[in-house]
Each structure stands twice: as structure tokens, then as C-alpha cells.
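Following this line, the structures themselves.
Two complexes, one shared chain (chain A), two partners (chain B, chain C).
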Partner chain A sequence: MNQTHEQFPQGKAFHASLRTRYRVATIWQTLFLSALLIAILALTALLYNVVDGAFGYIAYEYKDDPAQFTSTPINELTKDELLVILKENLSSGAYKKLETEQPMQERSQADLLNLFLERLVRIDTKETWSMTESILNGSKIRAEVATKYPNAVLEFRSWVTPQFLVTPMSSRAEFAGVRTAVLGSLWLVSIAILFALPVGTGAAIYLQEYAPKNWLTGIIQTNINNLAGVPSIVYGMLGLALFVRVLEPFTSGSLFGVTDSNGRTVLSAGLTMGILVLPLIIINAQEAIKAVPDSLRQAAYGVGATRWQTVWHHVLPNALPGILTGSILALSRALGETAPLIVVGASTFISLDPSGPFSKFTALPIQIYQWTTRAQSEFHAIAAGAIVVLLVLLLTLNASAILLRNRYQRKAY
Partner chain B sequence: MSNSTTTTYAIETNHLSIHYGTFTAVKAVNVKVEKQKITAIIGPSGCGKSTLLRSFNRMNDFVPSCHVTGELLLDRQNLYSKDIDPVEVRRKIGMVFQKPNPFPKSIYENIAWGARINGFKGNMDELVEQSLRSAALWDEVKDKLQQSAYALSGGQQQRLCIARTIAIQPEIILMDEPASALDPISTLRIEELMQELKKNYTIIIVTHNMQQAARASDYTAMMMIDEQRAGGVIEFADTKKIFTRPSDKRTEDYVTGRFG
Partner chain C sequence: MKEETLSLKTMETKKFRRFDLKKKFRPGESMIQGMLFLAGILSIFTTVAIVYELGKEAMLFFGNPDVTFAKFFGGTQWQPGIGQYGIWALVSATLTTSLIAMLISLPLGLAAAIYLSEYASPKARSILKPILEILAGIPTVVYGYFALLFVTPILKNIFGEALQVYNMLSAGLVMGIMILPLISSMSEDALAAVPRALREGAYAMGATKLETSLQIVLPAALSGIGAAIIIGISRAVGETMIVAVAAGSGPNFSFNPLAAAETMTGHIARISGGDLSYNSIDYNSLFAIALMLFLVTLILNLISQWVVNRFRERYE
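And then the complex of A and B:
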């Protein structure tokens, strides 16, 4: 007993070893803190980069002076005035074409103003600057513009505007919006969730509540877990082969009498996304079902319930908040996916809203990708704007998932 | 006691054994449980008391590796024969669990659900009131029937679970240590309630609490594990006899507290 006691350091030796222990602890603590700081820094840099591109100075010229069309300043033009100007100055062919796309009378003032600027005075962007440049070198930019482009208008602009959200795609960055892409993305995730939520929940219920625990279900379970980690481009290939090619009569709508499309429809893409998020939804739903206490099942069986009644009346209602939370997170994954859409065949230039499951479509990430590959700097600016829109959509989805979870966690048991 | 009067026995076992895979957890149990009496099952931890109790309403069916040999007879019918539906068994033999487990629903709905899924066609309000009265809970909850059952105390929740069980009018009520999670006052109320209930129902109760078995039961089954770790009923008799002059030495050691 006494001998064991002496084998521990005593007095000074003990304090020395204690100091060493604290020093090691401090080093590790510092390492962990720096890891956290790196993560925060990376996130900040990401957000800054996006915001930096989405605001800034733009210098543009009018190819034709607005004064030759009207004496009213551009910002004060009313809808009626614009209608008259457009009718008088556009060629009758161009006017008719616009009229068939959407009757001029039904268009908004902002829309007409855009047409006026795009078709008649023809804005020509000379240069754009990022937010940082615009703020730090404001006077230099103003001087530079004055000498290089004496006729140009210099304006500090936010590229994300309400107008940006509701304007369809255009070949001119100044007049392009994300309306088509946002609608395409919404169609996409709606189809994906309509397919994946019932199928995924059903599979999870079967695996948790019905399937016997044997080697076969073990293999299936392992495969589901692995499928959740398969690269999304592989799902794209699957979607191309299955939905675009094999099931073309169905996905193009020709079975239902739609004739003007091939298999590269929003339906094909939505189903592909549905398959992509299916493993995620199954795993999430299984976890939610597992979390329902067994005592509840026993209580139901104890009063003579069948398995189905137990699942339907007790297990499912109690697992539902968890299942929905998981599905929303899966949705936000689908919203951000790009690769499968490229493979399945999203259109890169399309200005028509998707009108149904058999429409051609584009999606936000596709639009962003397409704009960033363009050479002109104004496209990079609207790409940044579109990224802001995408991030806001994603954050809204995730926040609603968290709210849903918190709300039901407080209620349960 | 051994005559063929089927009316006196609520349930009989004939060499009932319960196995988990190749392991025999409970071996060759032969007991005859009398109608409208309280039968207690006692014995040290791990001797298979709960396993035996759960086999009575086929709750063991949910354990994948579990299977049963021998016979479990209710009205001379083997409850483990192929043509018997376990749901029907649980409809006739209700169960109250160790931890109160009300549904996360209203008090009213806790009682009504079991009746509704079993096709009850009568007046639900009356059934709820009658069940709650039988479980000595009505006066405490009659003004808050629509509130969550989770707002009740542990003892009240357990009585709600008893009310839920009697609402579907079973013949037998199994109780698996129903008072072990409760304080002494709530425990006493459950025991009083059992004395009321035995006028209409047969009750089989598993308990760790020797005093409870002595106080509350009419018959007692003493269980013990053998050398192969298989549990079995070593003595089954009048509770008075078990606690005053047991015929088995091991029973005597156990009930007098001399056992490990």
C-alpha cells in the first residue's frame, strides 16, 4: 500500500507534472479554437464574396438618346406613355411578336420600361465594379468613367431587386432575371418531394415496423446508407437513362397528348432529384420512427390493436415531425444540386415560365453556373445576385425545418 | 382442485416453456389460475416472471427469436394454436405495464381509442366515464377529460392505463410490476383498486415487492432459475400458505429474506 503511494510523484515533482498537463491542454484548446476560427473565416469569406458581387457601380451608355423618344425623364414615364412610345417606335413585326408573348396592355410599367430600355434606347454596359471597389475607390472610378466614357451614366446598383426576381431570363444581363430559374427550381423540388416523401416514408415504415431482421434486410439497409453518399452525377446518369430515355413517353407527356417536348422535362429532372434524396428521406424517417418509444407500441398492442392500427394511429403521428424535418433538409439538398440537372438536360437559356410537368426548364444553380461562365462582368454580377436568391431560399427552408422540430419537441411527451 | 370444471379457471398452462432461440428462459410451467382472484408471480430478478406474464397475452410474439412450446389454455382452447389470432388474445387478456405508458393524447382519447379500434358501438362517453370510475380516477379527471394524459401524475397515469385496459372488457388483466415506478401512496391506491377489480376480472400480477404479494394476492406462484438458468415455477399455492408454511425450502428462504 505504502509502496504504491510512493510510485506517484510527490511535492515539486507533482506540481511540475501538473503544469505539463495544463500546458498540453492549452495547446489542444488553442488548436480547437483555431479550427473554429478557420471555419468561421471560410464562411465569412463565402458570404462576403457573394455580397461583394451582388452590389456595386455600373457604368452604361444609351446607344440612342432617350430624348429622341420622349421629353419626360426616364424615371417618370407612366405605363400609358411607354405603351405609346413602344407602339410608335418598334417595328410592327417586333411589336406583334411581343404582343403574342404577352399582351402589351397586361404588362407592368416596369416590364414596359425594360422593353423601352432594351429595344429602343438600348443600354450598353461599359463596365461594372464590385462592392469593395465601389466603396473604397469611389472617386477614382468616377474620374475614370468621366474620361473614358464621357457619355456614360454611373450608378450604384443592387443587382438583387424585386424586379430581378420577377423578370425572366434575357440575353442581356441588365434585363435578365431569375424568375424562370426560381419557378423551375420550385417545380423541381415539388415533384421531387411529391415522389420521394410518400415512397421514402413507406419504405422506412416497412423496414422499421414490418421487415424481419435478417441478412436480406441487413443488405438493403447497408445499401440505402451507401446510396446516400453516391455522387449526384451518378443519379444524373440514372435519370438520363431511365426517365429521359426509357420512360420518354411518360416524362415527355406524349402519353397524355403533349406533343411539343422530348424527355428532357422538369418531370424527368424532378423524379431524378426525388431518387437522389430518397435514401436521405428513408434514413431520416427510420430515425424518426425508431425514436418513437416502444412502450407506446406495447400500449397499443395491449388494448388489442393490429400492427397497422398501431403504426397508423401512434407510430406515424409521433414520427411525423421528424420525418417532415428530414424531408425539408432533403429538399434543400435537391434545391442546390447542379450536376444531375446538367446530365438530365436542363435548358441553359429559356425565358418561358415552366407551365407544367412536361415543360422545358432551368433551375437556379444551372442559371448561376451558366452566368458565371460568361465573359462579361455584368453577368458575374447577376450570378452573384442569383446566388443571394438561392442562399435565401435555402436558409428559409432550413430555418423552417428547425422551427418545426423545436415546436414539436416541446409538445411531445 | 383438479376436476374438469372449466369455469373456475381463467387460464391454465400445460408444460408451457418459453425459448429465446436455443436458450430456454422459462421451463415447463403448469399453473391453473382461478377466475376472479388475484394471482401473484414472485421470484428473484431474471427468473422469467415478466417473460411468463407476457406469454399469457402473446406480447412475446414481438421478440423475433422467441417461441413457445406447451399449451396455454383459455376456455380449453390453446392460445398458441395456429388458428388463434394474437390480436384476439390481447383483446381478451389486457395488460398494464411496469412504467405508465398512456398515449400522448387526451385522457378521453386514451380510453376511447382501444374501444373504437375494437369496434365498440355503444355510447363512448358512458364507457369512458364507467371505465374511469372503475379505475377510481373519475373524480380526479372528470373536469379535464380533453387535457393531455401526460399532465397527470405517475399514479394517475397508471390508473388511466388500468382504465384503458378495462374499457375493452377483457377477461383477464395482466399487471407487470404496475406499482414499481410509483410512490407508496399511489402503490396503495393501485392495490385497493385491484381488490375492487377482482370482483369482475381475473388479475395476474408480477411483483418484486413481497409485502405487496402477501397483502394483495390470493394465490402466489414462486419462480426460481435452475442450473441451466431456465426459470420455472417451483411452488404455486395459496398466498397464505406460501408466506407462512411453504413446502419448498427455497421459497421459504426467499419470502423470509434469507435468499441472496
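And then the complex of A and C:
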């Protein structure tokens, strides 16, 4: 009896201890909640950091005065005027090279203006500022620029513009765009999903509908779960050894008569990505197939359908939304993955659009990595711009996955 | 009665033998089944290919008479080009960044999981969970940008000159944020799987919500949480882009978080991103590192699966 009294206080002692217990409970609850608040804070800081970098003041000078090429103000130059200026002032070799990349007549006014600014007037960026600095210390920056670079032009610039999306890569941050990288990324994820979606769905169907319960099936299942946890850079090494080197005749296209490339093509990278997302697709498709009620299968068997007829006509159509949601998530994983691309050998500087599976390529995350690791602040600004593009793409993909899920979730059994 | 059924059965088989659909050979069905089997077995092929390709190149590295296991596992200088093969120069950075990441993500992830599973109202959950999912969906290279251009400048204000521009602390902290959603969602699943009856039993005994959560629910979900922690470590060890951007480029045997150092993954990314000739010692050494990474993460993943199966509390 005494012992119980010590362990479980009674009366006044009980009420005193109860108060302490409640106080402790409140403190802990606040701590638990603050963990979530820290996560939200981190997310906010990250997004703010990106947006902050993607807009802001830039101070630049012209190395050569625009007036020596034309009397029209830069912003009012028409396409024809620009064509004449470029033809007259560029060396004929440089002009021919540009002409072979893309005929000058077919280029847009904005494109030609960029060429004019890049090659002839030669913009020289002195300094860039982040959005917050630009807004809070605007007058200070203006005063600073006026004394430090008396000839400089100061303008508030958004680094993400429609122009940024359609301009190819350039060695100068002011004129660089993500066109090459976005197209490379699209090629990459298309190849990856073309490979991984049929194979992954097939594997999931086999495991859920066909596989006997034996040791082999067990090993396959464990193996898939393990592959999902292998670091992406290891897949990159596999891609380097297997697709880039061993299968070079196939991935470089020399089997098909393509002669000017090595194994470091968008096909190698796409297949590497496909292998990487395969476990994800299999696991998601398995979940989707598992959720199809057995009564459907039994009804199909009941009217004499074969196994494949059952799967094809009844199981798959019902599992399809789940499988698609899983593949969209896998797509977004492939879109953001960087490390395997570095290993497989994405080109860090190409300005030509990928023209087929055997072309060299770069990708959005590769460009972000490249630009982030440069020392000059204008490259950080375009890195932020490229991140905005990447995040918008990812957001669109994920939103469509969620919409798909919600649309078909209502059809519950 | 028994005989009657038997005779009926034999009669039926005799009569319909030619139409026994189960035994009918269907080439289309068999072909499809064969192809599906191939798709299923491809994952095994992937693992075999990883082990074979990585192992083959790694063997070329270890086959080099200059490379001994003593040098590899005993040395603290890594520069294969000039005969220094001490893997600890890279492992030290991997350990330091992973440790920092776990120190951040474990308490925060677990606390977030407990809040979401035990405290949050359904409405709060529906707002808070997507935020964690967004955090989990952000590409790691973006985290790298964040570490280098946001976290490092802040840390510079705190630590001043002692902090190098590239440092393991910033990379580790951001890696912790990256792993947080993984730990919290896996732990939350484990907590949610604990049956309600256990909680109600605790409340009936007069326990507060906190006492129930920490002393009843948490121990019951321990196997799932253990698995989450191990998967988190495995993710931290294999993470590449954050450390490649923010932790530094150059092997450095150091456990000082303020110093720059290169992890195993960061080293692979930097060397393979440059001009690398096939069959050089540098090239082969990368495969040795990758093989080590693969084995470490494989073992961690297997342990986590074992933990889940071995220590799971089963409730009927």
C-alpha cells in the first residue's frame, strides 16, 4: 500500500504533480510543433533565396559605344537595321559561322539584338545585386554606381524572361538562356520514361499477377526495394561503364551510321535515368495493381477470360491512374537528378539543340550546377533563373499527378 | 457418396478431355508471360550489372601492385595520380557531413512526425504534410545553391574567419533539411500504424497525451523509426550535389565542420566531370569508391529491412 502511494501520489501531491505533468506536456508540444515550423522556415528561406537571386539591379558598361555602329537608340533598332549592322561589322568568318548555326534571316529581333550587344558593343557587367538589396538600398546602389562606374548603365533586371527560355547557352551570363538545357532535359526524361514505364509496369504485373510465391520472387522483391535506395551517383557509374563504354556502338549511334559522336549521348543518359527510376515505377505500379479488388479478377475468370485478358481488360485499366501518378512522380525525380548526368558526361557547354538520341546534351540541373559553382555573381543570378524554370516545371508535373490522383480517387470500391 | 463423385469426375474428364482449357497451349499467353518475367528479372540484372561493372573496374584499381589494402584503408591522403590511396581522406568528410545531417534531421524529423501523427488536427495535417512533401521534392542541386549562397553567408556572420567559403557545416545542415521529410514521413507511417487501443488504454490509466506519445506509442513504433533512421543515414552517405556544390573540392582528412573537404560522392562527381581518360588509375579508383558506396548503402538498406521485420510489434 505504501509503495503505491509513493508511485501514485494522492490528494494535494497528486494535483501538484499533475500541474507539472501538464506543463511538461505543453513544453514538448511546442517543441514538436517548432520542428515543423523550422521545416517551413527552411522551405521559405530556400524559395526566397532563389527568387531573391533571380531579380535585381545590374550595372554594366559598353566596351564600345553603340553610337559608333548606329545612330538609332538600342531599344528602337529593327530587325533589318540589326542585320545590316551585324553584316557590316562582324568579321566574315564569324558571320558565316553564325549563319551556319542558324540563318540570320530566320533569327528573331531579340536574338539579333543579343548578338549585337554581345559581339559588337560588348557589354561588360560590373556588378549585380539581389532583389532585396536592390529594393532596400536602391538609392545607395545608385550613388555607388555613379561614383565607381561613371559610364555604367544601371537597370533592374529580371533574369527569368521569355527570352531566357528560348535563348541557347552562351559563355556570357547576360546572354545565356536555358533553351539547350530545357530541350536536353525533355529528351532525357522522354527516353527515360519510354524505357522505364513499359518495363516497370511489366515487372509490376509479373510480380502481382503471375509470380509464384517462391524464393526467386522474394529475391526480386527485396532487390527492387534495395535498388530504390542505391545512391544516384552509383547509377551514374553504372551508366558510364555500361552505356557509355560497353554499349558505345549502340548509344553513340555508330551502329546506325552516325559517325560524329562518342558514347556520351542523350541516349546513354536517358537509359541511365530509366534504370534509376525503374524501381520507383515498379513499386508504385505494384501498389496500384494491389488496390484493384479481387472480385474484378474473379468475375473475369468466371466468364472464361484468360490470365492476360483479365490483366489487360480489367486490372490494368483500373490500375492506370495509380500507375500514371507513379510515373509522373518518377519523371519529376528524373528531371531534378544531377549527379548521374555529371558522371555519364553531360556537356557543360554546348549551344546546339539536341537533334536526336545520339547528340551531345546538357540538362537544366547540369546548367544550375555549372552556374552556381562559377565565381561571378551574374552566373549566380542566371542559376537562380534556371532554378525558377526547373521548379515551375516540377510544380506543374506534381500538380498534374495530384489532380490525376484526386480525379480517380473518387472511384472507390 | 465418395465413389459417386469420383466416377462423375472421371466421366467428365473423359468426356471433355479435348477441351481441358487449363492445359490448352496458348502461345500468345506464354509469350506475354515470358516478357513480363523478363521485365521482372531485369531488376536482378541491374544489381548484377552494378556489382559486375563496378567490381571489374575496382579490381583493376586494387590489382595495381602499388595499391594495397593497408594503404587504402590506412592512409589519410587521397591522390591516386601520385600514389596516395588513403580512402580516409574522403570518408572523413562523408562521415562529418552525414553526422551533421543526422543531428539535424533526426530530432526535427521525429518531432515533426510525432506532432503530425499525435497532435495535429486533420485540417492542420492537410496543410503541413504537403509542405514537407514539397521539401522532399526539391532537387538536390537546388539545395546545393541554397547551401552555398544562403546558409554559408549566414554561417560566415556567426563564425567569421574560421569558416571557409566551402565548408562541411553548411553542406551538412542543408543535407539535414533535405533528409528531414524522409525521416518524418517514414516515422509518421510507423506511428500511425500503432493501434488506437494502445493509446486509449494509456489515456484510461490517466496518462497525458505526451506520456502516451513518448512512452506508449513511440516504443511501439520503434522498429519503423529505426528503419527510417537507417534509410536517412544511407541517403546522407549517398547524397552528391549538396556536397559537390557547398562542401569543397579537394580531399582533406579533417573532421572539422568549418573546414572544406570532399566527400566520396563529391569526389566522384568532380573527377568524372572533368577530362578523364579511360583505364587511368584515376578512372579506376572512382569505381572503387562507387563500389564502397554501393556496398555501404546496400548493407544499410538490408539492415533497415531486417529491423522492420525483426522488431515489428504485431497487433491483431
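Some points to look at:
The rule we apply is simple: the second predicted complex is superposed on the first by the 383 of 413 C-alpha atoms of A that agree within 3 Å, B and C clash if a C-alpha of one lies under 4 Å from a C-alpha of the other, contacts with A are read in each partner's own complex, and residues count from 1 in each chain.
By our rule, a contact is a pair of C-beta atoms (placed from the backbone, for glycine too) under 8 Å apart; a residue touches a chain by one contact, two chains touch by 3 or more.
Everything numeric here is computed off the predicted structure, so don't read it as measured data.
Of the two partner chains placed around the shared chain by superposition, neither chain B nor chain C is touched by A:145. Judged by the number of chain A residues each one touches, C leads among chain B and chain C. After overlaying the two complexes on the shared chain, residue contacts for A:306 are found with chain B and with chain C alike.
Judged by the touch definition given at the top, the superposed model places A:295 against chain B, while chain C stays out of reach.
Residue contacts after overlaying the shared chain place A:222 against chain C, while chain B stays out of touching range.
Legend: residue contacts after superposition of the two complexes on their common chain; A:39 is shown touching chain C, with no touch to chain B.
The interface of chain A with chain B overlaps its interface with chain C at residues 304, 306. On chain A, the positions that touch chain B within their shared complex are 212-213, 293, 295-306, 309, 313-314, 318, 412-413. Across the interface of their complex, chain A is touched by residues 57, 59, 62, 64, 87-88, 90-91, 94-97, 99, 101-104, 113-114, 117-118, 150, 161, 164-165, 167-168 of chain B. Across the complex, chain C meets chain A through its residues 21, 26, 28-29, 32-33, 35-44, 46-47, 49-50, 53-54, 56-57, 107-112, 114-116, 119, 128, 131-132, 134-135, 137-146, 148-150, 177, 180-181, 184, 208-211, 214, 231, 234-235, 237-241, 244-245, 265, 268-269, 272-273, 278, 286-287, 290, 293-294, 297-298, 300-302, 305. Contact residues of chain A toward chain C in the complex are 21-22, 24-25, 28-29, 31-36, 38-40, 42-43, 45-46, 49-50, 53, 198-203, 205-207, 210-211, 219-220, 222-227, 229-238, 240-242, 245-246, 275, 278-279, 282, 304, 306-308, 332, 335-339, 342-343, 345, 348, 365, 368-369, 372-373, 380, 383-384, 387, 390-391, 394, 398.
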